[in-house]
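The first chain written gets the first letter, and so on, giving A, B, C, D, E and F; residue counts start at 1 in each chain.
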Amino acid sequence: MQRPSGRTPEQLRDISITRNFTCHAEGSVLVSFGKTKVICTASVEEGVPRFLRGKGSGWVTAEYGMLPRSTGSRMGREASRGKQGGRTVEIQRLIGRSLRAAVDLKKLGENTINIDCDVIQADGGTRTASITGALVALVDAINYLQRKKIINTDPLLEMMASVSVGIYQGVPVLDLDYPEDSAADTDMNVIMGESGGFIEVQGTAEGATFARDELDAMLDLASAGILELIEKQKAALAEG
Amino acid sequence: MQRPSGRTPEQLRDISITRNFTCHAEGSVLVSFGKTKVICTASVEEGVPRFLRGKGSGWVTAEYGMLPRSTGSRMGREASRGKQGGRTVEIQRLIGRSLRAAVDLKKLGENTINIDCDVIQADGGTRTASITGALVALVDAINYLQRKKIINTDPLLEMMASVSVGIYQGVPVLDLDYPEDSAADTDMNVIMGESGGFIEVQGTAEGATFARDELDAMLDLASAGILELIEKQKAALAEG
Amino acid sequence: MQRPSGRTPEQLRDISITRNFTCHAEGSVLVSFGKTKVICTASVEEGVPRFLRGKGSGWVTAEYGMLPRSTGSRMGREASRGKQGGRTVEIQRLIGRSLRAAVDLKKLGENTINIDCDVIQADGGTRTASITGALVALVDAINYLQRKKIINTDPLLEMMASVSVGIYQGVPVLDLDYPEDSAADTDMNVIMGESGGFIEVQGTAEGATFARDELDAMLDLASAGILELIEKQKAALAEG
Amino acid sequence: MQRPSGRTPEQLRDISITRNFTCHAEGSVLVSFGKTKVICTASVEEGVPRFLRGKGSGWVTAEYGMLPRSTGSRMGREASRGKQGGRTVEIQRLIGRSLRAAVDLKKLGENTINIDCDVIQADGGTRTASITGALVALVDAINYLQRKKIINTDPLLEMMASVSVGIYQGVPVLDLDYPEDSAADTDMNVIMGESGGFIEVQGTAEGATFARDELDAMLDLASAGILELIEKQKAALAEG
Amino acid sequence: MQRPSGRTPEQLRDISITRNFTCHAEGSVLVSFGKTKVICTASVEEGVPRFLRGKGSGWVTAEYGMLPRSTGSRMGREASRGKQGGRTVEIQRLIGRSLRAAVDLKKLGENTINIDCDVIQADGGTRTASITGALVALVDAINYLQRKKIINTDPLLEMMASVSVGIYQGVPVLDLDYPEDSAADTDMNVIMGESGGFIEVQGTAEGATFARDELDAMLDLASAGILELIEKQKAALAEG
Amino acid sequence: MQRPSGRTPEQLRDISITRNFTCHAEGSVLVSFGKTKVICTASVEEGVPRFLRGKGSGWVTAEYGMLPRSTGSRMGREASRGKQGGRTVEIQRLIGRSLRAAVDLKKLGENTINIDCDVIQADGGTRTASITGALVALVDAINYLQRKKIINTDPLLEMMASVSVGIYQGVPVLDLDYPEDSAADTDMNVIMGESGGFIEVQGTAEGATFARDELDAMLDLASAGILELIEKQKAALAEG
């Protein structure tokens, strides 16, 4: 088995995480997993949604979008079609849920952090790149809240990141790019904290079902890959 | 640990699967997982969506809804709010994807089977009950296609079913009802074929992350539960 | 003239009214007019719509829907099309208006009763079955309000029910089923209180106009039919 | 009993019917029932909706709207709110259904006549004024089709018109204006052909139910009023 | 060069401005620029939009619509299509912006004036006719506010009006009708105050770009035409 | 008068135009006018919209969007609100219209070029930056069509660009940034071809009207600025 990119099965793509990519947001990150590039911003807003008001808890939520020509052929713009597609909704719910799992919402006070993940170039794995980049933007927003003395403690429970794994030509591989993703038998997205606990595991059979030992092999790959990604997040956060 | 329902950790709720529940659909099933009740219909339609036309393949798709007062407090009707909520979209995509994984679409010819899962009473696990009931309705629709000589071979790859598992008060338990679901630390939905291969695994941390050995214990519970559910599907299909 | 069902012109279909059909709603009724089956729930909610606030009056409103495969061929799901069709809107306005005419809203206090009528199987006369079943659900919700001491008096003005009448092959007939309905020259829906006063009369020519004496004959049939239906409502309410 | 307008119970408001009110439509009528003023246009279009294609039949349909400030206080514009309200939908369905009952659609050929009724000033009875004016616009559109030799026979079955009746302070009265309408116990809209056959009868109790003899009295008033309106339609059509 | 209408290049169409055209609005004007006819109403409402609350300022806003058959071929009704088209949105923003420029919003108090411009017959120049008519309706609404002692000073900064100019067959011409508009190389809409200051200038090349001297010639024509229109507004306001 | 940025009145911001910014589109440009940054892509698609089919003409159209946090405070995402705002619609119509004016659509053949302008960071002048960048992306798409031998001639009529001008503290200034824009008395956007002909001129009074000599001064500034921008476009196109 030869991966289209020439990578070994357990090899991530080139990862880059650029902070302060745009100037207005409290956290603004450009994350690249190879050719997949996502702008992740974190926007701090006073107050919380109605269902949380007066409960002394904060909120973290996420929205996801793709620029119409981030993909090989142009997709219709969701804003002009008048609704977000099912895939978009599914992904932004996943991002929001995962980030909330990394945060002690009580420690946020009655503040909301809105995460926006906008894909400017897609080559597979946009949701895992989004989560990985969004966590860094979230940390920057938390730092902002502390710097401004809006909160006094650190609501981050632990670092976390996300990666995809799959069975490509019978072999478990890490961090699928688009050519692999579209040919893979199984596609799994894993979100895991630094301590090794899982936040979300989503495995989907594409064409053939996957066996328990394949699941195990994929989780091993993902765990190692996520720890590597967390190192890269930390390196980015250590800069400037 | 005592389950609110008094069940043992590996015990399903009372399951019932009633075929021919309504009279118009090619497949019509009322499925109950305890107090959770879902009407699953399968509607046969000639032709396929535009993206499949002329490719000699069929299609299976699903929609999901909840009656406004299937729940403890009334939810707004999605038809009158003018859009399906994110949870609905996520669930109906899962149902459709899972059922397609159980079918050889080529053998369906250029026909579409539309699955509708409408929850009339909810008590946790509506998506897993929907999938389990929908598979039976799908088999009835396939039987209809064969009886009408529209197709000559059996497109069903294997029987499959779905169940939820979770960590409730530190203990892995099978088939969570609503009181367990709302208090559980982890919620996992598993869809598996009769041969033991996984079709979809979705585990989500709620409050605390879950460890690899918890994941393993949950998968063991789910695998056994799903084989039990498949027996019940077969018994229902053997009647009348 | 022979009715497709073999009924006499003044004969209702088999009517059944099952209370407590689902477990969450304050009133929950499964009503059957022959093969037409509708789930009618009544949900109590504190407060009233904005236009009534502070006026010391309650509110009763209704929504109507059909499961996509309640009919001979599958209809698109209104929630996924993003709007309710004109027929749905027309029917739910009729249901709400009729039920409000049966209730002294002042005696409800500032509470709202939301009626949901969801057709699970359709064979003509879904709106009249809905109203007839909804009244029973409404009474159960009123009983709930009294039992909970939220209100002290009975806001129900009188029992009421609804039935369709039409001219089928030149003969006025009661309670049309779908084969009659689709072939009838005139279709009339009548909603009447127990005291014999009309709440709503809607007669529509289909193909040919209808004369005054035909109108009279249809109203006679409807009045007798509605009194019969009210007996059945009372019998259902007398149980358990 | 004194009517607010000083009219006798069986007296119509001042009725005027102006043809060729705007210059582009095949039929364009300004109809006034007292201060209620509606622009009714009939637009001819080649072809029919999909469900009628190839069946050799034409189609007549209607849309209804109110200018935002046609009423005492400004209503939100439906186009900017993004949907037509329930009342609008109900009325335009009634207009379309009624006009189709006056036409032999087979004789229209595969042509569609779109009726637009736009209320520019409202003072009660906008739906009955709309139908009465629309019939005249429809006749002008039919004349256009004949003049252009698109059709050779007259598809109009008979003249028809519409008026409201009600019980105001216990007395049946004809053609309610807004002050009467908002205080009436019963509101009935009647659509009748020149031959005396009913096309649609819609009576609604407002506050109190209505008895059979009240219904009879209202129908008598309406029948006479509609014959008067048809005379006015004919007079307008006889001009120019 | 011969204009289709026979007018000279600097000649307006026949202009008429009828006040009190409908009876409910605080300002109601029918404005005609030749065959282009627009109903402009001004509706006074207590309060201002959320973003202005508590700032002691009023608001003026506008909506625009065309009756479906105001044009040569019927356009779909925006209310039933569920959204306003881009052209509509662009025009109503222009109308609102222009009128606000003519008013000292501080002097309006916390009141809103809603302008509705509804085209009942279109023959080119509907936006400029709308603005010209709307200003008169706005003045009537301001007079109403003063008469009712809701405001004590005059918030109108100066009279203003609007006209289109263009290059038709190489010649700058004033107030294009539809035949000219659809053949013109350049189309410019100018909104100007009585004192000669510009409020908005929008020139668009259609087919060929326009040179600086053409722009100058068009502005000269427009300035003269607008002063003429303001005379007509004043004459209308001087009546009754 | 001192500009907030320290620029002279006739000085552009730092302009940069980066081609091939993303990898999938036929033309992909990142354009910066100071801190305003827009991704402009041009996507080639076979075929034309319905209204042009069979007429031997191509089409150029544009859509515009802003990332939610491209601005100082986060704006709601249009895709999740379900509609594009009025400002968005107005801008994307302007972009499309301007680009079409620069192209001989006949020479495009029956092909469509979709322009997407997505603002990733906003600091005033996003529409003029969008047009200026989009023209470069459009040229790259045209080059693609020629390289692929889909078209044989060059449909570009001439280079064009766009810039804003305004009256800031009484002085006409070029290329307003956000601090100037929000304080300016007049805001004008000018789109001009290399030959000096105007494609679109849109001047809007903000607070005070603008006089003819101010208009002249602004046009002088804009004309010079646009010629400078066209030099920068050419330089970018000369690379690689």
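Rule of thumb we're sticking to: a contact is a pair of C-beta atoms (placed from the backbone, for glycine too) under 8 Å apart; a residue touches a chain by one contact, two chains touch by 3 or more.
This one's a predicted model, so the numbers in the text were calculated from it and none came from an experiment.
Between subunit B and subunit C, the least number of touch steps comes to 1.
Touching subunit C and subunit E together: D.
Among the remaining chains, the Cα-based centre furthest from that of subunit E is the centre of B.
Here the CA centre of subunit B is 50 Å from the CA centre of subunit F.
Centre-to-centre spacing of subunit E and subunit F amounts to 28 Å, using the average Cα coordinate of each chain.
Here the CA centre of subunit A is 33 Å from the CA centre of subunit F. Shown for subunit C are the residues that touch two or more other chains, namely 82-83. By the touch criterion the chains form one closed ring, and its order from subunit A via subunit B is A, B, C, D, E, F.
Touching subunit B in their complex are the following residues of subunit A: 83, 86-87, 89-90, 92-93, 97, 101, 188, 192-193, 195-205, 208-212, 215, 219.
In the complex of the two chains, the subunit F residues touching subunit A come out as 22-25, 28, 35, 37, 39, 41, 43, 45, 63, 65, 67-74, 77-80, 82-84, 88, 114, 116, 118, 120-122.
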